[in-house]
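Presented below is the structure to which this report refers.
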Amino acid sequence: MSNRYPAPELKDLPDDIKARVLEVQEKSGFVPNVFLALARRPAEWRAFFAYHDALMLKQDGSLTKGDREMIVTTTSAANQCLYCVVAHGAILRIYEKKPLVADQVAVNYRKADISPRQRAMLDFAMKVCLHSSEIADADFDALHAHGFSDEDIWDIAAIAGFFAMSNRLANFASIPPNEEFYLMGRLPKAK
Amino acid sequence: MSNRYPAPELKDLPDDIKARVLEVQEKSGFVPNVFLALARRPAEWRAFFAYHDALMLKQDGSLTKGDREMIVTTTSAANQCLYCVVAHGAILRIYEKKPLVADQVAVNYRKADISPRQRAMLDFAMKVCLHSSEIADADFDALHAHGFSDEDIWDIAAIAGFFAMSNRLANFASIPPNEEFYLMGRLPKAK
Amino acid sequence: MSNRYPAPELKDLPDDIKARVLEVQEKSGFVPNVFLALARRPAEWRAFFAYHDALMLKQDGSLTKGDREMIVTTTSAANQCLYCVVAHGAILRIYEKKPLVADQVAVNYRKADISPRQRAMLDFAMKVCLHSSEIADADFDALHAHGFSDEDIWDIAAIAGFFAMSNRLANFASIPPNEEFYLMGRLPKAK
Amino acid sequence: MSNRYPAPELKDLPDDIKARVLEVQEKSGFVPNVFLALARRPAEWRAFFAYHDALMLKQDGSLTKGDREMIVTTTSAANQCLYCVVAHGAILRIYEKKPLVADQVAVNYRKADISPRQRAMLDFAMKVCLHSSEIADADFDALHAHGFSDEDIWDIAAIAGFFAMSNRLANFASIPPNEEFYLMGRLPKAK
Amino acid sequence: MSNRYPAPELKDLPDDIKARVLEVQEKSGFVPNVFLALARRPAEWRAFFAYHDALMLKQDGSLTKGDREMIVTTTSAANQCLYCVVAHGAILRIYEKKPLVADQVAVNYRKADISPRQRAMLDFAMKVCLHSSEIADADFDALHAHGFSDEDIWDIAAIAGFFAMSNRLANFASIPPNEEFYLMGRLPKAK
Amino acid sequence: MSNRYPAPELKDLPDDIKARVLEVQEKSGFVPNVFLALARRPAEWRAFFAYHDALMLKQDGSLTKGDREMIVTTTSAANQCLYCVVAHGAILRIYEKKPLVADQVAVNYRKADISPRQRAMLDFAMKVCLHSSEIADADFDALHAHGFSDEDIWDIAAIAGFFAMSNRLANFASIPPNEEFYLMGRLPKAK
C-alpha cells in the first residue's frame, strides 16, 4: 500500500465495510488490497462496491462472469493499471478455466485464444476505453451480429466505464496487487 | 434521449429514485437527463449517484464546489462528452459566478481566466484523465506547492476518475444534455 | 490582449484598416479582438482579412454561411483555439439560428444536431485539420454522395486550412475572445 | 496537376496574376506549380501570395531568408506535404548554401547540421505546427535565450501558421512539386 | 504456429539449426516456437540468433542477464507482442528470481518492484522503442548518473532495437508463445 | 560519426569485416558510415550484415531490389532515421531509375509516383512499422489482390522489421549519412 494513502486497519472500519472485508477474506483467503485501500473513505467505498457488484455480479443478460472479467483485464491493460490487470486477470483465469487467457488479453487481445463473440465484445470495450466519443451505430451492429442485445452492450460499456475509473484510482494511488493474485488460476486445481 | 436506451417514465421509477428525481426537479426546474437515462437500471443509478454525491457534495477539504465542477468540465471536454461539458459547465458558471469560465476550460484550460492554484489542479486532473499510468511523485509536489493536501489530491483524482466513467456512459448511450443547461449561468441573475 | 503583443490604438491604424475596423464596430457593436491584435502588422492584416473574406463571404457554391462557420467552430475546437471557438461559435449560432449548435460541434460534432450533409462536411473538414496527408479519393466520394461539388470541397478544405493558420496565430499570441461573443446568439432576438 | 482541380492556362489569368507568374518564370526558369494551381481562384491567390510575401520576403527582424525557408521545410515535413518540402527545401538549400540541410531537417531536424539558434527556432516552429494550444511562457524564454525578440517569434509562428494552411491546401488538392525543385541547390553552381 | 507460415519439421532442418534446436530442447525441456517458426528461412534464422546471442549472451558490461530480459519484456509489452512478453517474461522471472516482476514491467514498468538503476534503464529502452528520433544528450546523462557507461547504453539500445524487429516478426507471423512459458519461474523451485 | 561511439579504423578491423568494407568501398567509391559505425562490435556487425544481406540481396520472390529499398526508405522516414532515409533513398533512386521517388516516399508515400502494387506493399510495410499488433487477415488479403504471395509478404514484413531495428540503432548512436548519398541517383548517368 502506498505511504501517501495508508489503508485503515481492519478493526477501525465501519461495521458494514468490515463485514464485507471479512467475507471476501473468508472466501479468497486474503483481502484484496482495493478493499482496504479505498476503505479510508467509507462513502466512496460503499458506492464503489455497490457499483462494482451491480455490474460484475449481475445475474441476467448474456455476458458470463468470465466475459465480464475479460473486459476488465483487457481494458485495464490498455490503461496500464497493474492492480486491475493482475487481480482481475486472476479471476478471469478462474472463471474461464483458461490459465493462459489473462496474459493473452493483457498483451494483445487480438491474438488471444477466445471466441469470435468475445473478440467482438473486446473490440467494443476497447472503443469505450479509448475512443468513446467516436462510438457509432456501426459499433452496435457489429455486436448484434454476434447475438449481443442492447442490454448486453450496456453491460459491456458500463464495465469498461467503471474500470476507466478504477484504473485511474489504482494508478494515482499506487495500489499494488496482492501477491496471491499473480499465481491464482494458473495451476490445475489440487484434488 | 436515445431510442436505443429509452428512459423510464417518472411514475415507473422505484420510490427512492423517484424522490431524488422530484427533489432535483424542484430545485432546478427540470430533470437533468442523466437522472432519467440511468434510472432504467436502478442498482447502477443508486451507486452512480451515491458516488457522485460523495465526491461532488463533500463538505471537507479545500476544494470548492466550483473547483470540483471545473475539474469535471475540463476533463469531460478532453473526453468529448457533450452531456457533461454542457451540464457541468452550467453548474460551474453558477458556482464560480463567472459566465465565461466554462467555455474557456472546455476549449483550452491553459488560456482560462482561473487562479494559478486552479491551473495546477487542472494539470493534475488532466493527467489522471489522459495519462494516469505516468503519474509520479513530482505531480504531487506540484500540487503541494499550491497548498493542496494529499486528501485534496485524492478528491481531484477521484472526481477525474468518476467522470472518466460518466463521460464514457454518456458517450456510448448518447445522453443529450437538457436544453436548459446551455444558457444557465450566462446571464446576470434577474432581480 | 496579451502584454507581449499589445494591439495598436485605433487612431494609429492605417486608413484602410481603420475603415474596416470602424465598419465592423458599427455592425457588431464592438471590435472583435482579432481585428486589432493583427493590426500591429498591417501587411499581414490585409492579407489575412482578404483571405478570410474570399473564403467566408464567398457568394457562390452550395455552402451556406452557417456551414462555413460550422467548419470553423468544429476544427478550431480540435485545435483548442479559444478565440476562434468562441467568436465563430457565436456567428454560427446566429447564422444557423440554433442557439445550441456551437457548443455541440465544439465538444463532439458527431453528437450535434446537424444534417447528414453537414456531418459529412465536418468529417472532411476534420480530416483536413488533423490528417491532411491521408486524404484520398474515397473522401471526395463521401462528399459527392451528399451533393457537394469539387468546388464546394475546395471551399471546405480552404476554410479548414485557413483556420489551421488562424488557430495557431491566436494560440501563440494568446488573443482572447471578446466577452460579447460568449452570449451572442444564445437568446431569442428581442422584439 | 490533379485532374480534379485543373490549373488555368497562363493566357486566361487576370493581368496581375499573369504578371507575377511571368516574373517568377523569368527568375526561376519555370513556374512553380502552386502559382498556377491556386490561380483558378484569383481572390484566394491574391491573398495567399500577399500573405506569403509579407512573411517570407520581410526585410526587418533577425530571421534570415534561410531561417524562414528552414521553418517551412521542417514543419511541412511534419505535415507530410510533398509540395512544400520539395519546393521550399530547394530554396532552403540555395539560401543556406548547404546542399544537405533540406533533407536533414525534413527527416529529423534534431540531427541536422544547423546552429543551436536555428535548433531553438525549429523547436518552437514545431510546437506551433503540432501543439499550438500548449505554447507557454517557457517557450518564449527559450527563444529569448538565443537572442530572438518577440517580433522574431511572431515571424516564426506566423510562418509555421501560414504553412499549416499551405500544407493542407497542397495535400488536399494534390499539388505536385515541379521536377525542377528536386535537384535545385544540390550541385555546386556552374561557373 | 500460424497456418500461413507453417514451421518446418525438425528432421528437415539444416544440421546447424537442428543442433541448436536440440540443444535448447535439451536445456529447456521444449523447443521455443520462435526457433522453429523462423527456421523456414535458414539464412534469416542464422542471422537472427547470431544477433540475439551477441546481445543477450554478452559476457562483459554491467547489464545482468536479468536486466537484459527486463528490457525485452518491457519494450515488447509496449509493442503488444504476445510471444516476446510471455517467453522473455518467463526468463526474466528466472534470472531475477522474482516471480512477480515480469507481469509488473509488462503492465506498467513505472510501478514495478525494481531498482532505480533498472528504472532509468527502462526509461531509456522505452525511448528507443517509441521515440528514438528524439533521443538527446540528456538521456545519456540520466543513465550515466546511475553508473551506466556508454557501452552499457549501447547494449540497452541494441536490445531494444533488436526486439523492435522481433516483436514485429512475431506479430505479423502470429507466432504463439509455448504454453510452458506462462508458468515458468512463477513457483518456488522444487527441491 | 558521433564522438560517443567512435568508429574503428579500417586497419584495426577483423579480416572478414575489413574484406567486406573494402569490397563495398571498391563498388561504391566510399564506405557507407554504417559499415564502420557498427564495426566496433564485430559480432553484432556480422549478424547485422548477414541479416541485411539475407533480406536485401535475396534472389527469389517477386519483390525487386527497388521494391525492397522503397520499403526501407518509406518506413525509415516514419521513424525519422536520417541515415537510412538518405542512404537507402539513394539506392532506391538508382534501382528504380527514378530520381524523384525517394523524396516522394520519404515525405508522403501516398503521393508518390509508384505503382498500385507498390502502394499496397508500402501500406503493409507501414503497418508493420507502426501498428504491427493490429495486423489482421484483411491486410494479407489486400496484398494477395496485387499478386503478392505469403512469402513475398514475409519479405515485406521482415524488411520493415529489420529497419525498425536499424533505424533505432542509427538514431540512438547518431550515425550520419555519408555526404555522397545525398546526390546519388539524382542525375542522369554520365555517358
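As written, the chains take the letters A, B, C, D, E and F, and residue 1 is the first residue of each chain.
The definition used in the following text is that a residue touches a chain if its C-beta (ideal position, glycine included) is under 8 Å from a C-beta of that chain, and two chains touch if they have at least 3 such contacts.
Only a predicted model underlies this, so the values are computations on that prediction, with no experimental measurement involved.
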Legend entry - Touch-network distance, subunit A to subunit F, counted in steps: 1
Inset, instruction - Would you kindly say which chain has the C-alpha centre located farthest from the C-alpha centre of subunit C? - result: E
Legend entry - Chain pair with the higher count of C-beta pairs in contact (E-F, B-E): E-F
Inset, instruction - Could you give the separation in Å between the centres of subunit A and subunit C, each centre being the mean of its C-alpha atoms? - result: 44
Legend entry - Computed distance of Cα centres, subunit E from subunit A, in Å: 29
Inset, instruction - Could you please state the distance in Å, as a whole number, between where the Cα atoms of subunit B are centred and where those of subunit F are centred? - result: 52
Inset, instruction - Hunt down the residues of subunit C that sit against at least two other chains at once, touch-wise. - result: 80-81, 108, 111, 133, 171
Legend entry - Category of the chain touch graph - line, ring, star, complete, other: other
Inset, instruction - Write out the stretch or stretches of subunit B touching subunit A in their complex. - result: 4-5, 41, 43-44, 46-48, 50-51, 53-55, 79-81, 128-129, 132-133, 135, 140, 150, 153-154, 157-158, 160-162, 164-169, 171-173
Legend entry - subunit C to subunit B touching residues, read off their complex: 77, 80-82, 85-86, 99-100, 103-104, 106-108, 111, 171, 174, 176, 179, 182-183, 186-187
Legend entry - Residues of subunit B defined as touching subunit D within the complex: 108, 110-111
Inset, instruction - State the interface residues of subunit C toward subunit F in the complex, per the touch definition above. - result: 133-134, 136
